[in-house]
Amino acid sequence: MSKKVAVYRKEHFNAAHRLNNPAWTAEENQRVFGLCNNPNYHGHNYDLIVKVVGEPNPETGYVIDMKELSSLIKELVLDKFDHKNLNLDTKEFEHLNPSAENIAIVIYDLLKDKLDPSLDLQIRLYETERNFVEYPA
Amino acid sequence: MSKKVAVYRKEHFNAAHRLNNPAWTAEENQRVFGLCNNPNYHGHNYDLIVKVVGEPNPETGYVIDMKELSSLIKELVLDKFDHKNLNLDTKEFEHLNPSAENIAIVIYDLLKDKLDPSLDLQIRLYETERNFVEYPA
Amino acid sequence: MSKKVAVYRKEHFNAAHRLNNPAWTAEENQRVFGLCNNPNYHGHNYDLIVKVVGEPNPETGYVIDMKELSSLIKELVLDKFDHKNLNLDTKEFEHLNPSAENIAIVIYDLLKDKLDPSLDLQIRLYETERNFVEYPA
Amino acid sequence: MSKKVAVYRKEHFNAAHRLNNPAWTAEENQRVFGLCNNPNYHGHNYDLIVKVVGEPNPETGYVIDMKELSSLIKELVLDKFDHKNLNLDTKEFEHLNPSAENIAIVIYDLLKDKLDPSLDLQIRLYETERNFVEYPA
Amino acid sequence: MSKKVAVYRKEHFNAAHRLNNPAWTAEENQRVFGLCNNPNYHGHNYDLIVKVVGEPNPETGYVIDMKELSSLIKELVLDKFDHKNLNLDTKEFEHLNPSAENIAIVIYDLLKDKLDPSLDLQIRLYETERNFVEYPA
Amino acid sequence: MSKKVAVYRKEHFNAAHRLNNPAWTAEENQRVFGLCNNPNYHGHNYDLIVKVVGEPNPETGYVIDMKELSSLIKELVLDKFDHKNLNLDTKEFEHLNPSAENIAIVIYDLLKDKLDPSLDLQIRLYETERNFVEYPA
């Protein structure tokens, strides 16, 4: 019988961003995104929780080695986004609004490709302690 | 292909309550509810996490505007329950025991009615850091 | 040479209270205390951190046995205030407004009497995660 | 219509452990488990969150009495593992590697047997704030 | 006898910043400030804890009304820094490096002027959960 | 005028230990230290907060570079204690009871020697979320 276990690894990165839709006027952007539209950017400490689901390896008791998962997140996500301006410094958000929802989807796609296909993946991203998102829902 | 994302908003309120079943004797209530049956009430800082699931709007990257969600929670839930005695000051718990389970169900019903029907809703309510509930499960 | 160490023990209790000055009119109380003046009470999860300062006993390495400190707090503070209405159920707040400041002073006095006089004591009380007090300052 | 609610109870225990596969050489164990293979053991504060899902009893508003759930966890899990060496002091891990995944599965099995069969159970175990697991996934 | 009590109010703001000394070369700035020198800025969720020390007013039991303190912080600090680029959008950091130390000193000076002179003030500022500062020490 | 600022860095390590006084009988040790005397050891996730007080350097705005402070803690404290058995694997606790009080004093002494003498140092050590110590008091 299969015994699927979820393992979670929490990481974090700091980044600047602004929310803006280039197809809209400045007024429309200001009306919809408010303070988050500040043209000089603002920023967040993003807390990232990566969930991986699979069956523990009977020889190790591990679904995945947490050190390997942490290294994978560092290489594919943190080195790309930490201490960066998401709008200016990353190709992922050159034409995509860096809402928490979109950042979570981007992180999912970055990690999914490199993960063993037998493992399921879910991303939780805290923009603040009070606003956070999860993908896939 | 649909890309459903969950967004979460954390809010809080403080309230007094007591657990009591009017169909029972005082002894039975004391036996079942213990300290929570104190006739003079006790109270909690309730932490409320509202989860909304839907597809991000391609123009904004938002499932729902967090400022609107926060306003909706304030208007429909916090203004009704914050700094109140749930048993004495609210019609919702006039004839319903304000257990954490029942408070979560009531909050779900208050918010569900006003939310876009395409969005799914789930309520998590912390009565203390160590006791919390979720509805629907 | 003396090596003073501070030890901290975190406990918690839930209580109902209201802020009210009986020398004032209802309007004045409402104006000053706002929602906290609700005549039907509201409530909080109080987090209590007790700090005790002294020199570690060379035989145990302890300033004070944390199990003894925890028992002392339970006996003198939690059994008195947990799941109670501070205004109605306790003699300490029969004639004293149960503001966080006053609750901290009362807890200090309750514990100071029973603690070894060579030990210093300080009380930190969280009324919410965002409002807390410390006595003595 | 059924209204299933999840209730959660958070408990904790402290324990020593080491990760080791007796079928492997010391070098292989060191290579795979790294610092966690220390032959003299290391330890953790394990935070345990037990989730129970069912319909609230209409007379009490409870899915399960949290005091009973807490007592059950204390009797079946904490008394067995708290302040213990998982490898040396427990029969559960005499021949099973005490990875977080395996500890969660063991705790699930210990509790499932004693819980009303109409209730669903899920275990979340924090080995550290940044590494945690959930079973069943 | 005087009974001084400390009261604490926790607030938060999000901002972008970069660390840079204009008297230095780009290489020197990069060497000293590392990732924090990113010319496109990065950002943080700043948690701010304001400590005010004084004697409780015997009529209210308050050192200071927390609603007033919260409004003062909002008006003097949050409205100025929240969702801003500290380097570009504020006059306080036009010629001052926005290190956590300097931000805490600036916030102290902004609040001290408007606070009753009988009250003592201390600022704690969390740049991340793991890096924080306090002024005056 | 001097403007002293405190900076804090949070780190963590996991370790096994037992409390025991070799000058006492097994019964006496059991009576005083209880579960903490388990001869097979138990363990903790220790959260360590290092406080350093000094004047910010006018050129950097730093009291001390947090990356340097973090490296110093890693080299002098974490590499020595993380994933270790404090009683068996460290010379510091070969003849000293590893109570939280004593661990904090040892960490203070390890760091004080290598820190610029113009800087003041204080150690806070969390053995659990509810039991923690500070040295010097």
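Note that the chains are named A, B, C, D, E and F in the order they appear, and that numbering of residues resets to 1 at the start of each chain.
FYI, a residue touches a chain if its C-beta (ideal position, glycine included) is under 8 Å from a C-beta of that chain, and two chains touch if they have at least 3 such contacts.
Since the model is a prediction, treat every value here as computed from it, not as a measurement.
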Partner chains that chain C and chain E have in common: F
Farthest chain relative to chain F (centres taken as mean CA coordinates): B
Chain copies touching (chain A, chain D) - same or different residues, decided at half shared: different
Chain whose Cα centroid lies at the greatest distance from that of chain D: E
Cα-centroid distance, chain E relative to chain F, in whole angstrom: 28
Cα-centroid distance, chain C relative to chain D, in whole angstrom: 34
Of all residues in chain D, the ones touching two or more other chains: 129
Full enumeration of touching chain pairs: A-B, A-D, A-E, B-C, B-D, C-E, C-F, D-F, E-F
Chain C-touching residues of chain E, taken from the complex the two chains share: 3-11, 53, 56, 59-63, 65-67, 120
Complex interface listing, chain D residues touching chain F: 12, 14-17, 35-36, 38, 40-45, 82-85, 88-89, 128-129
Touching residues on chain C, where the partner in the complex is chain E: 19, 21, 23-24, 32-34, 96-102, 104-105, 129-137
